[in-house]
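Two complexes come next, and they have one chain in common, chain A, joined by chain B in the first and chain C in the second.
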Partner chain A sequence: MNLTQADFYTLLPVMVLTVWAVALLLVDLFIPKERKGWTAFLAVAGLALTIGFSLSQIGQESSGFFEMVVLDGFSTFVNILLLVSGLMGISLAYSYLKRMGIERGEYYSLMLFSIAGMMLMAQASDLIVVFLALELLSIPLYVLAAFAHPQHDSGEAGIKYFLLGAFSGGFVVYGIALVFGATQSTALAGIAAAALAGTANIPLMLAGSALILVGFSFKVAAVPFHMWTPDVYQGAPTPVTAFMAAGAKIAGFAALMRVFSTAFPSLAVDLAPVLAVLAALTMIVGNVVAVSQTNIKRMLAYSSIAHAGYILMAFVAFGNPAVSATAIAAGIFYLVAYALTNFGSWSIVIALEKEDGKGLELEDYAGLGKSNPLMAAAMTIFMLSLTGIPPTLGLVGKFYLFSAVIAADMYWLAIVGVLTSLISAFYYLRVVVIMYMKDGEPKTLSEPWLNLTWIAMAAITVILGFMPASLFNWASQAIMKLF
Partner chain B sequence: MDFELLPNLVTFFPLVGVLILFFIKPDNKVLVRWVALATSLATFGISLVLLQNFDASNPALQMVTNLPWITVANWNISYYMGVDGLSILLILLTTFLTPIALLSTWSAIEEREKDFNIFFLMLEVGMLGVFMAQDLFLFYVYWEFTLVPMYFLIGIWGGPERIYASIKFFLYTMAGSLLMLLAILWLGINQGTFAVPDLIALGGIPAGIQTWLFLAFAIAFAIKVPMWPLHSWLPDAHVQAPTAGSVILAGVLLKMGTYGFVRFNLPLFPEAAVKFAPIMAGLAVVGIIYGAIVSYYQRDIKKLVAYSSISHLGFVMLGLFALNSQGIQGGILQMINHGLSTGALFLLVGMIYEQTHTRDFDVYGGLWKIMPVYGTIMLVVTLSSMGLPGLNGFVGEFTILLGAFGSEAIGSAWYAGLSAIGVILAAIYMLYMYQKIFLGPEGSIVETVKEHGHALRDLSVREIITITPLLVFIFWIGLYPKPFFALIAPTVDNLVAVLQAAMH
Partner chain C sequence: MVPVNYYIALSAILFIIGAMGVLVRRNALIIFMSVELMLNAANVALVAFSSANNSLDGQIFVFFIMTVAAAEVAVGLALIVAIFRSKNSINVDEINMLKG
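Entry: the complex of A and B
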């Protein structure tokens, strides 16, 4: 068994981050209790370093560890997105943890481990590694969800997330087992080759892929596997929720995209309708249920479910070689738009959240337009972006996404997509209505990292809305390596 | 790669005002007002230079700016702006009405003036962009963007039911435009470009698909116009909007719908346009009669004017779908006329409302004696709105009816005949309103106002300055419409040639 430099180079960012996280866990022991801010800064340094390595890998392609992991344009794009999400997640958590009295150093190490898992997920080209990555990203998240111990809600969120996560992990493993049984391979390329050569047991393989799909649907919160989402999002500490909503979704979709378009293109005929229905259901249920929410965390939870539906929509065309590249590019472009807007809006939620868990009802936003015009303007931008109204990145994202759907001739799905966008306009606008058209005196927190996050996100959302070309180019070149 | 400064300068100049406003203290209301007004006046000035440079005899797009914007994979989106005979008058109408509307707010808007002016100027950018954009994606961006400031204008500074009205306005319009978005995407992907002139030149969309695309665009525009039966958002929005908002809503925003039909539906899908002409004309006629009858039964002045808009825009639609030169020219001119007359009506209603705080015309009566200047101006505008010869409304409606009578596409003179009833009905409800407010015995409102410590006064100098420019054009177009037609005609003739080809 010979490991070469190429093996390590392929996985370099993941390894750097993992080593850093382990070291941080040790270093943290020596950081005094009242100075846990240092841990946060060290974690940021680790992420920054890893971003550096990832940036240096742009344009590189390789595979390592007997083709179990792969480095390509797609994985680099997703890795960088995940690392940036991690940075934002820490900037949201920094003052929040202190304020809520739950500042413990493990928080940051756990985050780094989870991000490492997510990155591994984006690079996995073997089902075993996919499962390994899934567990590596999930276990720290279970702990993080319950991090506000001894708060009851948080503990409940952790347990719920853990039970359903373990359950969905079971689906994935069983699916992998069936696929292995059908094709004698766990490597994505091997599975595809077996299907192509006709040696695979197609019904068994189909059953296996369906089970894997179910498992990942739990992770990305697609209907009908979304039940855990509102409770967990509401109960978990808000920075964790923000991180989960972006990071776990990005990783889940990255894995779905890679596994399905590499290993199962031959099953597309059977799977595409299932995915289409899944996407439609997710968009409908997510948006419709969001309308009746009065708690901002729950509303954003349902909104994140709905957005999973939109991204799934792009993915329906995975088996059609003419459009699958565009579809995947549209999907990851939308993930960027979603992640940026998501962190922006969650950071404003944190700025209004009070110690005792108050300040999370929609009504608590009344009068924000007067008392803090800049913050209200930023929140308006995020809501418009989530709806897909110009001049925001959200519009460009939706445009790209719908164009992929139309290119795939899935007109009915596109119509479901736009009609549910219309429903979503109603509840996003309600936030704007409450901020500007109702009276109130909301107290907002002004904390440098938090302010930086929402101001930067608002600015980027608008600027990229006008000048999306470079991001587009990058996304459309972030192509998966095929074996 | 073309770049022409002028159209871009017109479109984005209001942003200069927005930038300055950001740095002014909200308490400094006088400065806020003057900065906004000066910006909008300067924009109007630049648009006059635009007119100066516009070659009326040239039917093609002029002063074109065409820069690549997003070109990735199978996408070809450009920043493509230009002016032609279809849009030049609407651009001028926008820059002309904005300062007037802003001037009218000086006494009406008391709260958060700075924000109001910022939103208003942003709205102007959006509207001008809609009329100049020649790329479908760019158009869509401007089109959707106008929703945002208007939503705030109604929602923050509107009447008691403002929140309901603003959301209804937003959702209705968005419902239509989302379907249009899908049609835009289809065109962009299958034809390889989003540029409208290129799409027209390319042509060749199969008739079956044209039908669907036509419908997707038509629903978006019909909601905006609004055509019967998609009009129900309009009365709510108008009644709740502040005066300046109503002026711009009626004057310009509704025209975005009718403009959309001429700019996109007719040239992009000529076969479908011919096919749908009788249906569209039928809906237009229903709108004319329905709007007129409902107007007659209103007791709220603003609601009456709002419903009369449905009737008047029915005429515009009838003219456009006559698909001949007279009809379309009349339709475009009538868009301007409606902007002027209805804009003036909303301003006048706003002026009296500021004094009386009621629009229920049962309490009015005999105002002529107290407010002679107001009464005279109102009379001119009322007559203009009902289409009296010598005033602007007549020219437009007459040309439209001529077009509709001789229209091969509509195929029957009945449509024009029935819509002529609308002209008579307009005279009835407009004069009825006028009589209720100004003639007869003094209404109870005179006493009510006195009880609050001040008597009704006639128009102030500022109010007269606000309204006079509108009156000038009401007479000008009514007496000598030739220069206006001259601006429109060459481009329309070109468009009609395309439509004629599709018909035979």
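Entry: the complex of A and C
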């Protein structure tokens, strides 16, 4: 029962990042208040280093710490995606924090801690680790949501996120306890083995898995557990919202995919219909309520709920071995597409946001097409991609997802997906119409890192939209090991 | 020896009381205490299953849950104090600036 190098190698990126975050917290004490840019730079260096380690692990497979964590294609893929999200989160925050007068060094360490939790989530192969990772990613996010203290909005966002996040954590823990009682194991493989051997108490296991699903539905903002999302996304500082919308969703879905496809394949007959209804409800509510929003942050919050619904569609096939591999690959492909587009659109929201919190209404985008054509073009690309209109990555993501759903013979769900995409065209294209058709003089911020983010995201969204095959193949290879 | 079912019934009751508390009560502190009750309901279930199954995994997990709960308390109370300082109230119905 000794730990070997292989154990540590399995978890290397997470450990590097955690140690870096702890060190950064200390180093930050010695960085003078007006030089907090150094902290940001050091955080980026840590993320870059970790990306290096993650890249070096591509193609490697191992498990460590007595099968508590695994390293495989799926975890490496998700880890890299999360680290890139972290980089973008920092590039959005760098000038924003200074401008809003909330430049505090803890921001970057908290962000690194949260990313470490998300990466642990992707590598977890035991429910104990799943729970620890969930809390490690959530607790820094609670603080980050309230980061603009003493602004009222931000504190309110923090407390709402905290109370509902802790509530959902309670569901996950109780679900894990029931699953443990039913199968005498907390290891994902052990749970599946117990169910296969017939030693598991199936009703108890079903109840446990349902509670775990409820807890994760809170995290990924699936209807009917989405109530916190608009308030938290609106009140939290915008870079935090962008990071939360992408990172927490990626990690939540990564854990759902891993747990459900590794531990609960035997429950697929019972769970798949529940997941299908959840996906349909999430798409419908998210898209329909988004139509009536006038605040861009709230609108994007409902849009992120709707996208959680699309990604949930990838799960309906998980009991059907013929299509589940492609469905999950389509799911993580969609996560990539969503994360890129999401960061792009939030960076433009930041460019238009004023110091006093104004500039967040849809009307504030009037005239952007004339005053800053490049930015308006980029925003148009993001809106088209979120709707799923060619030539963008969003279309390809939806195409893969819908074809997986159709391959699983869930025609009604595909129809709901297409119809809700139509509804979403209304509110996404309204932004485009306002930018080009209405007159106004919006003042935009030009800051190198921010500009780089939205220009790069717009370019990637279009370029990958034309050649998605390589990314999709990587995604499919990544999930091979899950089955 | 008390059968394991009794413990599970107890933990289920505790969990439901906790969940109802979160949904019904309006004071942020009480909501928070209800969340802790939910976590402790899970602890009771884990310890009971652990002893019934003769495996230590569940008891180890309880230690992790207690540690995480302590970390959550630190962050949660800090948030509640910050809200109280700025609004002079921790009634969640009065924390309602964000809507739409």
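Some points to look at:
Throughout what follows, the second predicted complex is superposed on the first by the 478 of 483 C-alpha atoms of A that agree within 3 Å, B and C clash if a C-alpha of one lies under 4 Å from a C-alpha of the other, contacts with A are read in each partner's own complex, and residues count from 1 in each chain.
The rule we apply is simple: contacts are C-beta pairs under 8 Å (C-beta built on N, C-alpha and C of every residue); 3 or more make two chains touch, one makes a residue touch a chain.
Nothing here was measured: the structure is a model prediction, and the numbers come from that model.
In the superposed model, A:Asn201 lies in contact with neither chain B nor chain C. In the superposition on chain A, contact of A:Phe399 is made with chain B only, not with chain C. By the touch criterion defined above, A:Thr186 reaches chain C but does not reach chain B. Touch criterion not met for A:Gln60: it reaches neither chain B nor chain C. Looking at the shared chain after the overlay, A:Gln234 reaches chain C, while chain B stays out of its contact range. When the two structures are aligned on the shared chain, A:Pro390 is found in touch with chain B, with no touch to chain C.
With both structures placed on the common chain, the touch criterion links A:Thr294 to chain C but leaves chain B unconnected.
Set against each other, chain B and chain C differ in how many residues of chain A they touch, and the higher count belongs to C. Listed in rising order, the residues of chain B touching chain A in the complex are 69-75, 112, 115, 137, 140-142, 144-145, 147-148, 151-152, 155-156, 162-163, 166-167, 170-171, 174-175, 178-179, 181-182, 185-186, 188-189. By the touch rule above, chain A contacts chain C in their complex via residues 128, 131-132, 135, 139, 142-143, 146, 149-150, 152-153, 155-160, 162-163, 166-167, 169-171, 173-174, 176-178, 180-181, 184-186, 230-231, 234-235, 293-295, 298. Contact residues on chain A toward chain B in their complex (touch as defined above): 326, 329, 370, 373, 384, 389-391, 395-396, 399, 402-403, 406-407, 411, 414-415, 418-419, 421-422, 425-426, 429, 433, 436-437, 468-469, 472-473, 476.
Contact residues of chain C toward chain A in the complex are 4, 8, 11, 15, 18-19, 22, 28, 31-32, 35, 38-39, 41-43, 45-46, 48-50, 52-53, 55, 57-58, 60-61, 64-65, 68, 71-72, 75-76, 79-80, 82-83, 85-87, 92, 95-100.
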